[in-house]
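Shared chain: subunit A. Partners: subunit B in the first complex, subunit C in the second.
On to the complex of A and B.
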């Protein structure tokens, strides 16, 4: 584990550890200094990212001049201190041995059937510093086992050594302080108040940091032993945080995923979605190419399907390419090239969600091709942080953890939006109340105090939801140029940022190059080895593109990783697909799209391919295949074959694509600024909604324990609206298409908005209401 | 005394042996006369509790202990609807590959529930490799009187600890589905 030090000049102290003289920064703990010279002091409660508590006493050492042994994990080194560890001090050795003997008094000897066996600090340290045999003859303490701390996390209390790592994590890092040490003495145990579940998006981390097998997850419990697993580093494919994870598999099946230490991104943590949502990788995959014959899909060989697809695409008229936000950078780049070179079209979009022209302009002006402008580490030292249309806990949980770390160091957070959420509370955020859909007004009307405090050390985080609030992004752009505050756009999906830089959107070529700029065109044409004139002109995006597909002006479609129910106009897309002349789908699971496609190609999932994701910072996070023997093709591989069936050469090799994309260095030429877009917030009550972290997303399927930890589907209204509606137990929200009735929750919501989860059980906004964020809805107390 | 010619002397052994007890064992004709010793390491058996539930919990310790890599186990979760063993897990897949097994017995030493033991059966030869991979149904012990074929519930009012403490003496009528025969005795000791 790495500790990043930001200071250049550091005060130091001179100390001696086991006779070795060293100079360490002031404030260094004995245990950290000893690590640096390769002396391992046993420990359970110590964790570099948690505050020291000296709860387990396993790390006792001797300090000259101090009569009793001291805990190395909590002892700060001071000038001239002479420390002697178990290696040179008999007192320390006996003390550590004694502590270990006490810890083992009540610890069961179930290592052979314990999940931690083989990677257990207690097992290892009992062997290195413990006594060779036990003197304890009594009966060990037992508890009924296991108990659930939440649906996913199980607790075997008799194994616990009361190190308080889990409780400190819950309180200090996650901010969900419901996990506590209960009772005293031998009965001391981890638990939650009133047996309420430990409600946290980060609960899986307590399993990983537990130094014994007390905390286990329902999904991994008794599935495997650590030494039977093959571990590979990977990048999380669930959101744009870009966490480094470790995937452990056995016999071709992923058994678990753990957070990998990446001090610049996720430190040691991951969210529960990244950790537990991987069942989809194996379940219900499309196994062979499918072609539609007489209205029915049938299996086909690869060459047959390729020729069928090539002939179909060549015969059809104007085409379009829709890439969902889940593609790797290399795959998105392949789509970008395929559309421009093979299909000769610029009708291209990666935004399978509510989007706008304003957003496309904003992305071109402020985001595309700008890497590491704002980083995770910048958050810790920022002066002010402004969140606009962005709910970090749900939409980028690791960014949320970093914000919490920043808040502890004095960063002040302001959130502009219709709801003061639980997450805002955990960030001690200041709420700039805004009716959903009229964020632009709130931004331009920000208190002069807040605006005055914004400087080049401030960060404005904009979420993907801002696209659904007309005028918000141009207001952000103005605020940024007015105050000098840096702007960071945080999409929700892992592939969006990379797809933007790979040019998988109409109007932008790779590296943020405007397709209308002659210099940009010639740079790209040179890299692609084509004639600049053969590059298409600006095409359609977002809503306009979907409308064009529906109206039939684009009649051929290449579509990958898009779920129509994620789009506000998903029905139009489905209607368009039904009418289109030819639809090629690249998918790994069946969907509404594959049911209607002319030809379906199965593609690899993240465990079967190498590639990279670009996180919201613009940081490239490469990963390699876990299952190297997998025979599935990447999207780029399929596109390359399809291109050659259409007599165009397109390299489908991931490494070659990455190299080529890297050679197209970010655009340094002129960028068009965001136009001032009209603000038109609908009158009456508007809908506030976003996707909860754990919801009905298709990539979370197959993991019921995780789904059970989701937050309940409720309608959140302000106290005033609650009164006005006559204090109903359930509230019905009605949109153009239909209504949703859910239990009421009184929360800090703008009086003119009502909040619903976007895609949770019994609350699928687009399908059920037929409108989206910031649009007018009617609210009624009671059932429909 | 003058020595007899060597050719005649040789017959001394032959004639002498004719009147001694025969040491040749007639296998397989008389094999029942020569049973293996009680602790002979023969084919494995997966045992059951007295009520018919399986003892194997799918912990894979046997596979782990096996020096010949002859054992393959895949565990699965018991549920209230489908229970094969007391406690949380059971062995869903259990295979022993007798082309690899060296009958060392480390697996039975490793087994924490005495689910795996060895019988005296040694006649395992076959003419193909596939049949020498014994599946769970080939290894499971016989259904003795008082046993019910799983899946079924644990004896009402008992926990897995009661099973491990050997307090179960047989199945009780409540454990069986209507179609199954009900044994006379059983319950908890």
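On to the complex of A and C.
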């Protein structure tokens, strides 16, 4: 527990700005204090989240007793300081005008064709504090335009005002110092090294913070004028970080997405996936319901498809519901209800990935219904942070940025796993080396120094991969209770945390209520207006559920947002679906599932509906539809229609669902413990793998520039293994199903594991190797 | 190619500082000593040795004018054109030298053997106008004496700095700069009466 002393006295200073007396905390910058009283001082290089550099000189102000104008963005207020801005000082006004004139000397007249035109700080401030006419008659500096700093970001050097926002962002925030100010004097320019592009998962942020149109993105460049766009706040659907974004659209098409300011969550940033991966929203959508007739799918009207689905489900035997980790909280809640009320089954899971019973127990014990136990802000003041089965830069990039912020403030990070990644380096993390699959051993064997320093102010972050490492989650659970360290589970997909709280998993009703607990059952039954006895008993999850589907003991399926290739036993699922009596698919794009479903209902994508995602903190992040006029139905809407076709009333309205779910306050009754699960890491070399942030994910389709910024597919091995294999240029990794051969990368990898990306070009682990994280593989130098 | 022996020297340089990246400036001179310019390969080597990005190295290598990004040739010729040298004929010296070499500011001679650069005050105003050859002083030059020096260098004859060691070549100088070898510092007459005149006046209090 953190003890916050609200009586703590903050040191302040008394100052005057433009004749207005103020008391501000010691250390406040002139520019920030002025903002508080509504005085806007012009600025380019200033950014509240970057360290001041006073590079552009646009913000010059006068201070009584100081002979020369001073930059307001770097000037700290001291007791008694009397500041005059352009509003009350002729010196400041002339100084600002002069700087503006100099900045415009080399600035091209690109405004009519520049992406920034209409939302450009240089345009705006040139109008407010600049001279009406230019006195410059020489030739302007020009550059061949534009250059790529990476595949997605372009640079028009002549537009740059050398504010160093982009370069500071790259170095300070992202930790990717591959964008720099090069040359000097009039030739000073932003650029990269000849051989290395600006390699960053966060590169799009520089486009957004560039105060001029020098940095643009390949995906938006020349596409639109800002004043022709409609902007809607939204929540990113790509991961469980829960970023606030802004979607800009024009004539029914999304043209770009920006990071939106959310100090509690993503501050001002987003990752490149959230920013650039939106083409999927429009491309290749399923447009009408489809029903299977004589083995072929044909389009059908909604009523026809509904009756077909209702009859099919009613006639089939035991059923199950699989909802992938992408649903909104409200939609997941609708699936949770539909399964229990309409289908009368608890066979239900949202984990369309490697999962385990141990994980289900862990989630029930430590995660479900626990909101804001650990927050982003907590990271900044944590005593220690442990990362287990979790690669923040790839799997929760905004959490990664907050960790970096914490590290800068002195937080120490330990990462338990088989690879010391680039991300670990950028967190200056301490590596607790573990063979993939034997994390449990590493956790129980943690240095007494680390364990001794764990306290209630420490945070243990566990990723979805921990589920694939037997015993890891029970070891985490023990470590937590032994030390008092707080545990936070960070799934990758945006919908998983919400689906858990909505009860979209067997054994758990909404709010973390055990379905086996009579009190829990009656609470939920009351909210649902049903008889508690009609609630099903504990059903199957994960692997067991998929096996049941395969074996036909579960013969009807409602499935949504699941891609079998994400599952270690995806082949079983496909076989099961082929044999099932009846399969209802809710999807927005065709997939292996829709190709085999009995009936397919198209559903809305995030731009077409309102809803909310719950991020890893358990924070609700609501959003509304960008396209209100869209005619698509939410998953909940489709389920509601289907229910009524089956003679059950189920409200499909998003708001009503949210309200009802919120009324089911988190469970305060007894929780089941995590059993002690056995550790069984296979002998020999094991597979280490995870999904890179930018990879072959289906929601990244249609944005080739983004795809081109992906990290290359390689096999990473330790130096020792590299020697052993005879220093090969390529390495072949073989699993039960087949092999993958990729270029070698020597890295800090456990000698007993080999790493390759899970779902990147030429490296699709489940499909090609037929095994997953922590399982035995053979490694050989050279091609297969 | 950046040889292993250069790599070893780079590591030695990095070891001289509490924060290894402080060694970047001498390391870049070392690259020039080996490759006659700062090559992309040299940048990569510095970045690798110091565990910083190539962009960070490039930023430094392009900021400082002593680092060149195409081959310098055998000798670097600098002609000071700042106030004192300029007034005493530096501009004329520069023009003649440029004509002799067929070079423009900060570029190679027509034959690629020299590199010409207008340089800023070298704190050698006592002997203005000055020219530098591989950063060694040629004091009190005239357009003719400057061109004579270049002719001699071009002919491979021995040339001595007017107050320092014998001219070797650009790469040798770069090595000296990189490793801070000071065995050349004592050769020649580094300080003469003219240079000390001002100091003497100051000490005598005469300026009051």
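Operating definition for what follows: the second predicted complex is superposed on the first by the 775 of 784 C-alpha atoms of A that agree within 3 Å, B and C clash if a C-alpha of one lies under 4 Å from a C-alpha of the other, contacts with A are read in each partner's own complex, and residues count from 1 in each chain.
Definition applied: a contact is a pair of C-beta atoms (placed from the backbone, for glycine too) under 8 Å apart; a residue touches a chain by one contact, two chains touch by 3 or more.
All values derive from a computational prediction rather than experimental measurement.
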item	value
Overlay on subunit A: subunit C relative to subunit B, clash or fit	fit
Which of subunit B and subunit C A:647 touches, first, second, both or neither	neither
Partner chain in contact with A:112 - subunit B first, subunit C second, else both or neither	first
Which of subunit B and subunit C A:529 touches, first, second, both or neither	neither
First, second, both or neither for A:222, with subunit B first and subunit C second	first
When both partners are placed on the shared chain, which of subunit B and subunit C touches more of subunit A	C
Contacts of A:51 with subunit B and subunit C, given as first, second, both or neither	neither
Least Cα gap, in Å, left between subunit B and subunit C after the two complexes are fitted on chain A	26
Contacts on subunit A seen with subunit B and repeated with subunit C across the two complexes	none
Subunit B residues within the subunit A interface of the complex	57-61, 64, 75, 88-89, 110, 112
Contact set on subunit A toward subunit B in their complex	112-113, 221-223, 225
Of subunit A, residues touching subunit C in the complex	176-184, 191-196, 198
In the complex, subunit C residues that touch subunit A	40, 43-44, 47, 52-59, 62-63, 65
